[in-house]
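I am attaching a structure below and will ask some questions about it afterwards.
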Amino acid sequence: MSMYDAINDECGVFGVYSDKVSKLANTVYYGLYALQHRGQESCGIVVNDGGVFGYHKGFGLVNEVFNPENLAKLPKGKIAVGHVRYSTTGALTAANTQPIVVRHVKGPMAIAHNGNLVNELELRRNYELKGAIFHSTNDTEIISYAVTESRLESGSIQEAVEKAMYKIKGAYSLIIMSAQKLICVRDPNGFRPLCLGVLPDGGYVAASESCALDSIGAEFLRDVIPGEIVIIDKNGINSITTHCNRKTSLCIFEYVYIARPDSVIEGSGVHAARIRAGRFLAKEHQVDADIVIGVPDSGLEAALGYSLESGIPYGVGFVRNRYVGRTFIQPGQDMREDSVKIKLNPISDVIKGKRVIMIDDSIVRGTTCGRTVKLLKEAGAKEVHVRISSPPFISPCFFGVDIDSKDRLIACKKTVEEIAVSINADSLGYLSAENVVKIAPNAKCGFCTGCFTGKYPIEVPKKMPKDKFESKITQY
Amino acid sequence: MSMYDAINDECGVFGVYSDKVSKLANTVYYGLYALQHRGQESCGIVVNDGGVFGYHKGFGLVNEVFNPENLAKLPKGKIAVGHVRYSTTGALTAANTQPIVVRHVKGPMAIAHNGNLVNELELRRNYELKGAIFHSTNDTEIISYAVTESRLESGSIQEAVEKAMYKIKGAYSLIIMSAQKLICVRDPNGFRPLCLGVLPDGGYVAASESCALDSIGAEFLRDVIPGEIVIIDKNGINSITTHCNRKTSLCIFEYVYIARPDSVIEGSGVHAARIRAGRFLAKEHQVDADIVIGVPDSGLEAALGYSLESGIPYGVGFVRNRYVGRTFIQPGQDMREDSVKIKLNPISDVIKGKRVIMIDDSIVRGTTCGRTVKLLKEAGAKEVHVRISSPPFISPCFFGVDIDSKDRLIACKKTVEEIAVSINADSLGYLSAENVVKIAPNAKCGFCTGCFTGKYPIEVPKKMPKDKFESKITQY
Amino acid sequence: MSMYDAINDECGVFGVYSDKVSKLANTVYYGLYALQHRGQESCGIVVNDGGVFGYHKGFGLVNEVFNPENLAKLPKGKIAVGHVRYSTTGALTAANTQPIVVRHVKGPMAIAHNGNLVNELELRRNYELKGAIFHSTNDTEIISYAVTESRLESGSIQEAVEKAMYKIKGAYSLIIMSAQKLICVRDPNGFRPLCLGVLPDGGYVAASESCALDSIGAEFLRDVIPGEIVIIDKNGINSITTHCNRKTSLCIFEYVYIARPDSVIEGSGVHAARIRAGRFLAKEHQVDADIVIGVPDSGLEAALGYSLESGIPYGVGFVRNRYVGRTFIQPGQDMREDSVKIKLNPISDVIKGKRVIMIDDSIVRGTTCGRTVKLLKEAGAKEVHVRISSPPFISPCFFGVDIDSKDRLIACKKTVEEIAVSINADSLGYLSAENVVKIAPNAKCGFCTGCFTGKYPIEVPKKMPKDKFESKITQY
Amino acid sequence: MSMYDAINDECGVFGVYSDKVSKLANTVYYGLYALQHRGQESCGIVVNDGGVFGYHKGFGLVNEVFNPENLAKLPKGKIAVGHVRYSTTGALTAANTQPIVVRHVKGPMAIAHNGNLVNELELRRNYELKGAIFHSTNDTEIISYAVTESRLESGSIQEAVEKAMYKIKGAYSLIIMSAQKLICVRDPNGFRPLCLGVLPDGGYVAASESCALDSIGAEFLRDVIPGEIVIIDKNGINSITTHCNRKTSLCIFEYVYIARPDSVIEGSGVHAARIRAGRFLAKEHQVDADIVIGVPDSGLEAALGYSLESGIPYGVGFVRNRYVGRTFIQPGQDMREDSVKIKLNPISDVIKGKRVIMIDDSIVRGTTCGRTVKLLKEAGAKEVHVRISSPPFISPCFFGVDIDSKDRLIACKKTVEEIAVSINADSLGYLSAENVVKIAPNAKCGFCTGCFTGKYPIEVPKKMPKDKFESKITQY
């Protein structure tokens, strides 16, 4: 699957508490940079300077939104939090950028959220009936109300967060900054990753993925436990454990596609998981061929795994134009057909006359995959055998990944054989649902495979709430 | 007083209801353009297309924030509301731009507000203790909560607005847009102007000043009555009168400086009021001189009035650089002294060897006035007699005008004679508080002269709430 | 005539030589600011730091193109030159911005030019046949070739400039910067103004108008004499006089409209000239009326002159929206008719029931004037008598002012009476060609009245060269 | 070598002639997109609509400079030319962007150039002494003068180009657009690539690399022959061959690093050349190890070749942050050390406890390579053996590649053993100069290896002319 295709990642969160670092905003900047793959639509940084919050947010990549001037303007401080976002709920409006920064009964509070609530509609209605007003369509604003409501009857922010956790349901990895504290929370199922690190000169960091710790030279400490509330303040790092003994269900697609290969989640490396996915795929769907290639960038590692397992040589089949970015425009309609070629060009030398195994991580609608196969055939491939390093998508994700709607998922409408025909592949094989959960064998948790099986670890709403709100208020 | 000096205007509001106009956003754009003098910091337009709201807001002048592209993107619709803003409460952050657009219990709602509440702090605390969260430091958000709270126990938006009027205290000219209606409200004192107009092809308009009606070709209908709620919807225009028989107190400084000369407020023309102010000034502070000049642009009309009354010839004493704008930068420090000259250059031919009467509308700190006198003397004026077309500022405004703090107001620290010495004027005369209220004799209302007298028509807080919030959260 | 109407000013030039000023770029910035009315399309500053030139140019107003960052980046130095431009020849492309900065046989050279050559086409062809290439359609590039060609056979830059003056024909006020010198040149006719000033701490300044000297605190020294070459370098200020005893012909329209009122050109003040124009107009075209008003901003002073001469009271008839700028957009077509009203709104109080004399400086196509008369009549004027403080335009300008083409000039097609009818004026009177040359009685020079009389002081081409080039190369 | 390191590519050129394509600007846009790797600093497109040229140029990547609005504004036409640029001569000023668009004796002309002249200084002086003026420091402007000079005595543009080829010396792949024709020229040595393609619906394309033909769906026709002038006009495609039987010398570094892997140059595929370089390297510098990894992106293919030849397994050792772009900023100094880690993070799983062979394409100063080795050792590598797929840089390039100056090239100052120590590698091996010329065995030409050997195929100047001009005129 190409990086600009139909599956959108979700969000990345980052927080830091340190009185040693001279400019915390820069630390967050680097951290968000490393998490950029989790959200390219908007980003923001909030710095807490002794209870006074300064922030900057905007639309675009981290290095578009931030520059030396606005970073310099942000206050120095001891606590900071940042966010990169792709919208899973909530339209593309400024009110929906994160971290959300509000004043509540106890002063300022900032919240960065990765995930998606399943009882968003009930909660929203409940707060509306109590007089709440909403500026955004973002469920993070609902979480703010839940924490604020609990705060009125709690002695501390952590107590309020704990109470709020019994109201909000779904996937949430949260970093909350209050006047004094940095609070890191992971939902009881642990749908999304969240980990902790230690800065070389002292202080703590929290981030969606360990690659963000590496990028700032922090040492990995541990994952936040599902259901845990970690409190970082002048007393150091403390923890409240809630929802104990609950079955956990980390999103398996984090290993397949979302996370960066250099991250380690719940003790299992992402790169190794993808190599392993390729190996399983080779065992499940053998075929006689001359070369194994991956669709850049996300299919390359599974291709290497397939090659290692099958003994069929690994090759570089495509050149990806590394300048095709978020802002790539297609000025004319007459060349739409060739848009795949602008991003991806096959290397004829490698392909010509060969029986090719092409590995990708997933198929959504089938259109892109079909075009990619076509490119290989035009470049002279004798046969193209498509292998997908995850099972077919047959159901939506309610926990923070924006998979296309069911009626556009090709696997909801066609059998594997029919898909093979429609993408013009000589054969097609998906990794089985049995094996996909084995790609991260060291992970100390269970997995959610809802999008592949339709079986979800917690109750889900009848339909996605996204569409309901999107159309009511739009910012241009 | 120069346009870029220490007194900041406040806000301008504009609303329209019409099913005849093809593109309402354009109508609002023109209306805000005519109200630009009431706020140059930020502006916004919200259009209601059958209950679906689309909006665009930003920092800058109307023709900087809006362009043909973003106007075209805004939906067509039957109701729209706009706002130009200079911050009186609330720092310069995106969350503080208006109109504020929120979802409440009954769907979307947009509010544009000109004025300032005096019980902002109590209300904010009250809502916080009920679980409210605030995104802005803007008192418009408080008004949203007040209306939303009342809406829960009201059968209609107008009923909710009426109830909310008994909670909020201070100055407010509001235009509220709900899914179905455009609601125009003026506080019981009528501190800020608000008037209604009829569009040539049908439909109604509401605006802070009548000049905005002229700009779109609408016919002036009437002023909104202090305490009145005007409801415009598919049933036409209807009205609820509240707080009857209350003494009204329109801000007299609207006539002196804030409003545009071509506006008519409460039946009295602003241009004529300024001519009249000059005439009164001539009667109060006669002096033998060769020429009367005004400080551009706001002193020109009073100068003409002074000339007409005194018989001393009117002349053009200064050229104002018409390109000096909001964004004028002064790159170096070594030329700071000359910055007045960049904006204002005296015409030697006119001034040289003359005894000059120089008219301005007000003196805040005295620095600018002193520099202006110096320019005239350097240009050869034999004498410079300064006449100010309003009384000395001795007290803050709590009703929406950002007059400098008391310890920087020169009239709080010095007598008129001392001020004359400090600005190096040969004589100085202010319009008296007795006469300033006579400059708009046709106005069907009383006046607030709090900033000139320290006597306010309603109870005011001990100190301005602005500073309290500004420092807590800042957006960069 | 409104500032955004059909006559475009031309260009403004500014140069400075000083080793006392810490940051010359700032000095030029302020100077260009004061000359902004001479060209709003593009501007540029070049600084010479010991033979190394640094420059910044761009499209827009001075305070849009320059900011503290790019001013700070420009080198310090002892010589600098700047330019504001409205295109008289040459399309709106980056290559046409000025000062033009080139390398020629003797190193770097920058040229800022106000004026227009009449033998541009011959010269361009001549150089092309010698192998020249042109990046722009700007005649300044032709001047560069002329100076460069002469430089090959001259001992100094001033000698080269003198030789070049015998090749180039037409209007040119030039400021040329070489590695060592600042050279100021005015064409033998003195079509365009150019004056010299002394800086308070030492050093010299040259500028199109004296208002730019005022803006930086420089003292006026003298006008550059038509045909003179002024050389400013480490030896101070020196001069070469050429083309002696030639009849001079300063553009009279500089006094009527182009120059700023606070400037003094050739010893005659511009403000006084406009007052005088109004007085002549009153003598030539008396009429019984109640009030005299000017069309802002350029008609205001002639209106005052008319009032002083006629004894009819002066009044303020219009409010001009001071935020209508270069970038004013009109989003919709349905309001085009009202666009005059957005810029200019009549004050009913002043106009209603009155016989009004409305003064403007010129009529080009008649459309704007017609709309302005209409505004007054709609505001209740009983009669509107239009008086124009210059003669009718009947011929193009070949010397740097972009007057509309002949077939669009209303005075080429209609008699004064017919124009009066078409603009719906009760009477119309123009200042006579006899009197327009008397408005600046102290000027030590003759005048060009070509646009009013069709008689030009030097031979002019059959047609304007502008159109020929504009269509060949365009930058988007 | 990382993409943001010290060796800068040079330029890419693209031209098209077709009366079938509806919007040629879009075709050029796509073509430049595919050539983006050859220059990221500025770009431009010129379209010829019946002799009228319209262009847009700017600083930044193709998708930053162009957008649907400015592409739509460019005229339709039958001929167009485009350019992407990294400055090899000439500072970063607007005057240096390409294609250069000028008017010469025969009308408009646009030139796009990839390469560098060796007799630039002599030519520049020669033209200056004939009266030329230079707007840029770009040698493309010199080529314009050479063609223009020859055009005066030639019957056609192609004849003028042929004559000019006897004046200009060095590396040049040119696309010249006149009013009627598209002219493609390659210098007699053929230093830089240039190839021709046919559009599916008719018409011809010329481009620096064949990948640009693929991107627009054009079919590869042939390379332009060194010394050839290809004329494309209404008569189709014609050719003039000059400088026959001259020894050719294509830059071998095009295969090693500059060109895109999917391009085929002179009949030899670039990807295959890099695989081959890795194989040669394995033969020359064998070592016992556990894994072969490449430094992304340019070292990956040679790593695969090394693995194939040596039998040591290929692995993915690094994750490159794909969002690190041209505009990556480093806000603080305190993290400078870690900047490599932000771009490149090693995957511990793969590296830990392993003996690693790390392949890169070149070493310039050694700093980046040293940091990369350090990353691997910190990630747990037991040994790191560095292998470089080209010989050491010991001499500058005079033909269009911006290799660092000699005193900063580590191979000029240290032996291979000393370099190994300074980068902390356990061993270091470079591809030999003998073998580097064998990596493209199908190429129908000779090679330039000047940067590796100091032996150049034509006479070169004593020093690089770049520095001489850069400091004289700078645009900010």
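Labels for the chains are A, B, C and D, by order of writing; each one numbers its residues from 1.
By our rule, contacts are C-beta pairs under 8 Å (C-beta built on N, C-alpha and C of every residue); 3 or more make two chains touch, one makes a residue touch a chain.
Just so you know, these numbers come straight off a predicted model, no measurement behind them.
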Task: Partner chains that subunit A and subunit C have in common - done: B, D
TODO: With chain centres taken as the means of their Cα atoms, state the distance from subunit C to subunit D in Å.
DONE: 48
Task: Inter-centroid spacing, subunit D versus subunit A (mean Cα positions, whole Å) - done: 36
Task: Of all residues in subunit D, the ones touching two or more other chains - done: none
Task: Complete list of chain pairs which touch one another - done: A-B, A-D, B-C, C-D
Task: Residues of subunit A defined as touching subunit D within the complex - done: 3, 21-23, 25-27, 29-30, 33-34, 36-37, 40, 61-64, 66-68, 71-72, 211, 214-217, 260-262, 264, 269, 271-272, 297, 300-301, 304, 308, 313-316, 318-319, 321-325, 327-329, 331-332, 334-335, 338, 341-342, 345-350
Task: subunit C contact footprint on subunit D (complex, rising order) - done: 51-57, 70, 73-74, 94-95, 101-105, 107-109, 127-135, 137, 141, 144-145, 148-149, 152, 471-476
